[in-house]
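Each structure below is given as structure tokens.
Same chain, two partners: chain A is paired with chain B first, then with chain C.
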Partner chain A sequence: MRHVGAIAAREVRSLFVTPAAYVLLAGYSVLAGYFFFVGLGFFVQRVQQVQQLQMLEYLQRMNLNSEVIAPSFGSFSVILVFLIPLVTMRTFAEERANGTFELLLTSPLSTWEIVLGKYLGVLAPILLLVGISGCFPALLLLYGNPELLQTLAGLLGLFCYSAALAAIGCFASALTQNQIVAAVVAIIVGLILYLLEFLAQLAPPGVGQELIRYLGLSSHFQPALEGVVRTQDLVYYAIIVTFLLALMRAAIESLRWR
Partner chain B sequence: MGLLAAVLGLVFLCFALIALVLGAHLWVLYLHFGAGAAALLFAGITSFGELRELMGRGSSRRGMRSGGNTVLQLVALGVILGLLGFLSVRHSLRWDWTEGSVHTLSAGTLSVLEQIPDAEPVELLVFVTPTLEPQFRKLLDLFSYETPKLEIEYVDPRRNPGRAERHEVRTDGTLIVCAGPCETASGTARVTAAGEPEITRAIRSVISEKRKIYFVTGHGEADIDDDEAEGFSSARAALRDENLEVESLLLAAQEEVPEDAAALVIAGPDRSLLQRELGALDRYLARGGSVLFLVDPILTTGLEAPLRGWGVELGLDLIVDEQIQLFAGPQIGVQPIVNSYADHPVTEDLGNEPTSFYLARSVRASDPGDEQVVELALTGPASWAETDLKLFLDEGKVGVGPDDRVGPVAVALVRRLAAADGQGKGARLAVVGDSDFGRNRHIAEFYNADLLLNLVNWLVGDEQFATIERNLPRASLVALTPRDVNNFRYLSLFAFPEALLVLGIWVWWRRRT
Partner chain C sequence: MRGSGLIEVEGVSRRFGDLVAVRDVSFRIERGEVVGLLGPNGAGKTTVMRILTGFLPASEGSVRVAGHRLDSDGIAARREIGYLPETPPLYPEMRVESYLRYAATIQDVPRSVRGARVEHALARCGLREVQQRVIRTLSKGFRQRVGLAQAIVHEPKVLVLDEPTSGLDPVQVLEIRRLISTLAQDEGRTVILSTHILPEVEAICRRVLLIADGSIRVDGSLEEVRGTDTLEAVFLREAAGRSERPDPGEAPDGERSA
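Take a look at the complex of A and B:
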């Protein structure tokens, strides 16, 4: 476990000593802030209209979480499909391109330790991204009364979802020396998994449709946005991450055989 | 060449799988599967020599053995994880973290679900197109999470038109709720506006004992088998969808009201009831019966006196109301539209939704202090009960006279009658000063059907029919002044990104130096 920690710490350090990480975080912050602010603007406008029309009953049902925070987190999830591969693309591909990966492979570290260390190292910037996402609802606490637990459920969902995307990105990075190829592959796979929910609607009802729906990333993310935490979603993310880590290990093991 | 064939083979097999999942034509599936298998076979044949050579090398043999082990491990892991996923879906736990528990079924619904018998689960056939399916699935998942005694099947009416026709489905998003399998069930209910309360009501109606409603005939009442504009066939269909049995009853041919009558409906008689019929009604009410009177104005029905005896005064008048007409502005009319209701189970789910009446008379308590009477539906303040019917009928004129009651005027009321022995079940009476609102011509207007169904449900003793409401979210708003908006915009769009960029530049500068 000590080795895993050391690799993760090295990964985090190597990421944050380059300005690229900060540019990515700042870019995400601008985009996320824009979506959040636009959503909030519409909400404030609607509240004013409802107040003018004196629709008090409707006013009592207006909810910041369901009308501002959850849709904003939904928008963030689309941004993350494109952004997370940019964070993860260098994980293995850079080392392989620089020729430093052989050093890791010939070290006394096990493949599992390398894979886990790299993945945990990537989770640190992911946590930062989720933290930035949480800053907007936190600001809202100053001006309104959003529901705290529902917001936390949304953030938990966003983290699990991002962790799954990070695993996809790391696996793509383990397959190639080219960082661009790794990022593109991860974005495509992430998008496909994101859109599977919609594809399931086209499929005929039955086991096939249920399977497609289950594999889709968004169908497991949506309940958390609405404030519902389900074990089946947590298990889904754990399965995705575990299987991709196993695939990563296999991909790295295959380098040892060659 | 062999490698190309192998890759192509895998691609064809992947698309064969996709075709299988999407339910494509069989020839598409066979074509892809055949092409994939052929390509892989070709790859195997052309690479056989190469493979043999590789196997002969020691290091490659080791590599292949390791690779084989890894593949086996991955397959085993995939199977285990797949099983875990399957079990996690079948036995999922959930926690609703919203303050209003909006994603949890209400206590009323849970108590209904508990009443479903173990021996006969309730089946729900959901006729819904793929576009609407997710929203139905989201709601119905809450039901299936709470009880295993609910079997839900989604049917796409476009893919299964025969099945939709068999269940007379005309609207996308129709739910057929059955006690037991729908193909053989005796009690079914239909829900076309699916929300938690509506589905719960349907479930309760199919699991509860089937009750019989009699529509009295013989005095020019509306006919439940009449499909024409003046008929009550739509009302009968709506009542049957609530799992109520509906039959006609020639009361004059009976000594007493049948024992199995959960309620009687006297819908728009245009001549008087016989004295012995009124006697039968009186005895029926004395033993705790329920009667709905829909009595039109102007006609002499002879019901005024007996209803007075049961505590209800039928106005000898006609309600005149101000109507807003498109382009014409406010007009005086005889089609009052009501959107003001008493706080009562019958009208609880109507909120401020309108109901419309056509040529209606007023109703009120005989004794103004009678607390058993609840005036359910009230016309607007611009209306009045016109008593000079002669002037209206002869000259078509109306005007507020000294004997006229100025609005709001009640057009519907309910009254509970104490049991004759003071202990048994009390009778229930509902009186509406109009029958047209329930006739085929008008029942689909506004919320007329809801009012009629709620009245009948209340009469048959379904106390909670309208009290099931879904959990609502806690109101949470934001109060932003223009200055706050600016601050918020600055913090969201500028402060965070700016701080991060400055940090990045600092890191870059430090490394450079």
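Take a look at the complex of A and C:
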């Protein structure tokens, strides 16, 4: 496992010498900022209406976390379904198309080292995306008093959710040398997992429904937005990521001597 | 290694679907030999080299490098090999020096000597003047040298070079050949290089392995092979089973395996 760091570091450096990384980060900032600004604007409007109507009781129940931050993080999660595959699509596909995969596979590296190095390498830009997401609620600290811990729980949820999407993206990239194919596959799989909640609502109550709900991303992401970090959700993300890392290893191992 | 050869290939075959690219190939290479793997385009040279370096698994047969089996002891076997694929495995966005440092790291060069080995490889391959250049901006000749530097940076026992001079201008061809000869003579490295350029074999190699249609047709020292006929006559006779005559300008072989 000695070489994981070297592979990850190379991955990160290569990403940040291309304009693609900056376009992605800037694009995300603009989109996320838009959603946040609009959400905050509506909130301010509601507060003014409630004040005019003198509904003081209602006014006391309004809070920044549930009416601005949580819905914003919800919107961010939709953007990330589309953006993260654009970060991960190059991981393996580019190496295969460039011929550098030959260097990796003929070096004295274990397949685990390659897989973990690549995955940790893409977690770095993802951490940045989550960091950008955290800047917006941080602005609110200047003007209001949002719950800090609830916000941090939301950010942790956003990170775990993104890490799961990144694992899906890397696995898609391990299957092809075409980056567009990798991105499209990852977006579709990510969207299906995101939207599985609706299918669960349609399904007849029972084990099947629970299973569908459990597999979906949103049922594990929502509690964190409400400030609840549940062990079962962390276990879910750990299972998803581990499972996908094992699949990536199998995909690469299938190209090797056995 | 208990009187065994540095490289032992036994009964290796490789199929791609219905196509048999390499058919029951066996040979042994001793320490310090310089072997030319000769053959027309599409004969299976690249496939043989990819199998030797552990990039492609064989469908049947076994390969040992310095006593380590590629299938069960792959990491140890791969550590002994430096490989320059047909397309040098370069990351275009990296600088020459940091690329070589990365290659040295994943090739298990200990941290304490890494700097020195990189320096040595840079000097050996005449890359000092471009060591801070971004690989994308280098000429084809320089890229080939960076590829070669990557193959020697960990000072492997065996160098596997796939058409190291293809696509270079005559001056560059001479430079690369001189470099390979020096590596073989001064440093005593075992070299296996593939080519379809006959004078190249006569200039560098001591031993010839002629491969056509996936099988070894001729295996002997350069003197033995030329004892009866010119190398060209032998080549044409052995490759005659194929309809096309070798043409150095043709697309390189091995693409069917890409």
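Here is the rule we go by: the second predicted complex is superposed on the first by the 254 of 258 C-alpha atoms of A that agree within 3 Å, B and C clash if a C-alpha of one lies under 4 Å from a C-alpha of the other, contacts with A are read in each partner's own complex, and residues count from 1 in each chain.
One rule holds in what follows: contacts are C-beta pairs under 8 Å (C-beta built on N, C-alpha and C of every residue); 3 or more make two chains touch, one makes a residue touch a chain.
None of the values given here were measured: they were computed from a predicted structure.
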Checklist entry - Between chain B (first) and chain C (second), which, if any, makes contact with A:Ala26: first, second, both or neither? => result first
Checklist outcome for this item: Across chain A, the partner (chain B or chain C) reaching more residues is B
Next on the checklist: Quick one: is A:Thr242 in contact with chain B, with chain C, with both, or with neither? Answer first, second, both or neither.
Outcome noted: first
Checklist entry - Should A:Ile132 be classified as contacting the first partner (chain B), the second (chain C), both, or neither? => result first
Next on the checklist: Which partner chains sit in contact with A:Ala153 here, chain B, chain C, both or neither? Use first/second/both/neither.
Outcome noted: first
Item to check | chain B versus chain C as contact partner of A:Val47, first or second or both or neither | outcome: first
Checklist entry - After lining up the shared chain so the two structures overlap, which partner does A:Leu103 touch, if you call chain B first and chain C second: first, second, both or neither? => result second
Item to check | Intersection of chain A interface sets (partners chain B, chain C) | outcome: 17-18, 257-258
Checklist entry - Quick one: in the complex, what on chain C touches chain A? => result 50, 53-58, 70-71, 74-76, 78-79, 81, 83, 85, 87-94, 98, 102-103, 105-108, 150
Item to check | chain B residues touching chain A - in the complex, by the definition given at the top | outcome: 20-23, 62-63, 66-67, 70-71, 73-74, 77-78, 81, 84-85, 88-89, 92-99, 102-103, 130-131, 133-134, 154-156, 159, 351, 472-480, 484-485, 488-489, 491-493, 496-498, 500-501, 503-505, 507-508, 511
Checklist outcome for this item: chain C partner, complex, touching residues on chain A are 3, 6-7, 10, 13-14, 17-18, 98-110, 255-258
Next on the checklist: Can you tell me which positions in chain A touch chain B when the two form their complex?
Outcome noted: 16-19, 21-23, 25-27, 29-30, 33-34, 36-37, 40-41, 43-44, 47, 57, 59-66, 68, 132, 135-136, 139-140, 143-147, 149-150, 152-153, 201-205, 208-209, 211-212, 214, 223, 226-232, 235-236, 239, 242-243, 246-247, 250, 253-254, 257-258
